[in-house]
């Protein structure tokens, strides 16, 4: 039904399509593509504080990856991101899987549970972070007060190097667990009842059903949850920023790549000096890391998915 | 008997049960309620503490407030720009969501309903935006907005959020629009209707549920974001609520009662919005999960 | 939907977008940026005097949050939307902005009142590269010890002057159930000050002078010795002190639960306001031995700079000049509780007067003054390592070594030491 114009002028149809596509394309080009390409470009220049300097090839990358003390900070932060990712996979997604299965049984009040568990998800990370910061206060916080009721002297959760990162991860789990729970539940709900019934009648227990039948069949949901957790863990910023501070205190035990990027690029009270060049190099490296791993992870996870 | 009703409920839902399972189900229920408690109790403490004096918070953080002191509330109301921040958030979020819907739906419609060269490529272009963390390009983004004179303006913020929301909007709307049958379209064309009328009157009304999902999925992250305002907004009058909250937490750092009140007030809009629309939220989530 | 409705919607949309794009600006009004949110009202009060003398110029005080202040100033200036007068820190902090040509150089022609300042003050706010002053100094800050006189009296003790006295008094206080020292390590920027306050008396100005030239480094055993004194303090700090932040420590002190608090003179006025009933004094940190002169650590907190790209530069320079006058200095000292370096200022407050006296034998706050010029800054190095030392993870010698090696990457005199 297209009317190909023979005057050489684009047909009405083409103009119409172009009109539909134009705004979105322009906005994306201006505010996504262009900045990303520029970020690549900035990383090749040296910055003296705020003043752009000369083109220095890969000097910024070299500094961030190999030169002490910058490299040490990079790998320290990277390690924390890795730890956070695996902890979240096990504690957040693992528990979410169990809760989703429990909700699948549709016991009384299961809808209420769904609503409750998702409530923290809609709150801002700023609210969650500040709330838990107050609750975890070593002297006046509710958590240590509750422990005190049992005669346990709670530690300085956010001040102690060994407990700080874990405390922030806990707050993250509290915040986000509703999300993988409902996504996995949605995946489970698509499994036909007959399959589950048959397994039951064969005498299979819950654990067997969960691991042998449900788990393989919810592969698409698992893919989504895994990829999103990965991207979230490596771009983790708001919660540590609010609960620790820009330096990843105490003693950089809660430092993660995004925090390190932010204070490198924009400075902080302590390390006041900022360096756009180095910051951009860090950003480029982070982007490549996440993109490459996501690409391969996606391929692997997709191959597991079977058409239901 | 509790056991029988649970079994009956289970059977009704189609999940098979067996004898002796009622005990296990009871245990699972208990754990679920424990989980609900863990989710809700911190929020309860947050609200209760808003009505306590500082001394009360320090000495009895877990108890109910002795009396409902509205002192904290009046402080927040009078001494902070809370209402202004709220207004800015409302303005920025609604404008962003509206723009995302309009622009994203237009693009999705073109890709979904028309066959043309590069349509596949364009779809890929938009979708790839979903994998990109725009935060990392914050420096050039900042410089870009500066060049356009949009720094420290709410419009600049809206455009950034729109750019971030287009990929998922296109993704969802394309999926939805593609699935619509062509008969309605064809017959309208035969009747001589213009493409615009077809889109506006025939196809889009059918896509309303998807548009609601796109709206909710973008409204929440935009409302909650504080990273972009942190860099792109410096004037106090233009700050959004999460950003204002960080300023606020710094100002009243020793006044815990006021801090909790601020948190409660900040959490209130989203919570109300969520409770009213919880069904749509959850539906949107599952829709997005099903590729 | 009719075309009319369409048009109306588009029009409303256009107006809304237009509103979103506008940001307010007024002529004849100077904007002033500061990180002292708590001082906003006082500054506005003081500026009324300026407007009385210059009726066509009003000043709008815009505080920016403390922890993102450098970011917001930098991004604001980069966007060409900086305030007309901007409060700055000193030393290395200032340099990065000067290198990007953001601030107007000040001299006797555009700011005659520079004559009211001594050479130390001016050099703290100058750029090492060209020796010009880029920010008008406003206050020296002193790090010392707050003591709650009432708590001491009730316990039948007197505030300590030497380290040994400090330990004895602390033991006695602890037995009575009072926390001797309120400080914790939860606020990273303050950790540096905590270290400086207590180690100052054990290092002395000679060490500082040698350090600044590179004749000695932080690997000097004198420094490790001073740091190890801090380990003794742990018994007398609050429970879970690693997580106790500076504000909580302040609370403990103000409510009388703790007897002493290492703090800065910048909090004297603040604490008075938070608890007007408190009977406190600000004394020198415990000396090494009896008879030593008081040895608090001091630094110039910052100054007021003029935005080189300001459209109201002439007015801005007028304001900054006025802020160098004894008239401003008096109000500044007495209302904001700071020690103004302006000559001719009369400090009325007895505690501040006391502090000003102490400052005569003070020593510089090492990292802030000498080692904030490049990354890694001395500040970030000490902050990260001191918590490790206090938790027993590393030894004082290792702290000094880490700092020296880090600073050596950009500070020539330290290289190879």
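By written order: A, B and C. Residues from 1 in each chain.
As a convention for this text, a contact is a pair of C-beta atoms (placed from the backbone, for glycine too) under 8 Å apart; a residue touches a chain by one contact, two chains touch by 3 or more.
These figures come from a predicted structure and were not determined experimentally.
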{"item": "Each chain counted as touching subunit B and subunit C at once", "value": "A"}
{"item": "Chain nearest the global centroid, as defined over all protein CA atoms shown", "value": "A"}
{"item": "Chain at maximum distance from subunit B, centres defined as averaged CA atoms", "value": "C"}
{"item": "Selected pair, greater C-beta contact count between A-B and A-C", "value": "A-B"}
{"item": "Where subunit B and subunit C are represented by their mean Cα positions, the distance between them in whole Å", "value": "40"}
{"item": "Inter-chain centre distance, subunit A versus subunit C - centres from mean C-alpha coordinates, in Å", "value": "36"}
{"item": "Centroid distance [mean C-alpha coordinates] between subunit B and subunit A, Å", "value": "16"}
{"item": "Contacts with two or more other chains, residues of subunit C listed in rising order", "value": "66-67, 71, 75, 78"}
{"item": "Contacts with 2+ other chains: residues of subunit B", "value": "143, 231, 246"}
{"item": "Multi-partner residues of subunit A (each touching 2 or more other chains)", "value": "139-140, 266"}
{"item": "List of subunit C residues in touch with subunit A within their complex", "value": "66-67, 69-71, 74-75, 77-78, 89, 92-93, 95-97, 99-102, 184-186, 188-189, 192, 238-245, 248, 252, 372-377, 379-380, 383-385, 387-388, 391, 393, 405-406, 409"}
{"item": "Residues of subunit B that touch subunit A when the two form their complex", "value": "5-6, 9-10, 13-18, 24-25, 28-29, 31-32, 35-36, 38-40, 42-43, 45-46, 57-58, 60-62, 102-104, 106-107, 109-111, 114, 116, 122, 125-126, 129, 131-141, 143-144, 159-160, 162-164, 166-167, 170, 189, 195-196, 220, 223-227, 231, 241-242, 245-246, 249, 256, 259-260, 263, 266-267, 270-271, 273-275, 278, 281-282, 285-286, 289-291"}
{"item": "Residue numbers on subunit C that touch subunit B, as the complex places them", "value": "1, 16-17, 20-24, 37-38, 62, 64-68, 71-72, 75-76, 78-81, 247, 250-251, 274"}
{"item": "Complex interface listing, subunit A residues touching subunit B", "value": "1, 13-14, 16-17, 19-21, 23-25, 27-28, 30-32, 34-39, 41-42, 99, 102-109, 112-120, 122-127, 130-132, 134-135, 139-142, 145-146, 174, 178-179, 182-183, 185-187, 189-190, 193, 196-197, 200-201, 206, 220-221, 224, 231, 235, 237-238, 242, 258, 261, 265-266, 276, 279-280, 283-284, 286-287, 290-291, 294"}
{"item": "Touching residues on subunit A, where the partner in the complex is subunit C", "value": "48-51, 68-70, 137-140, 153-161, 245-247, 249-252, 266-275"}
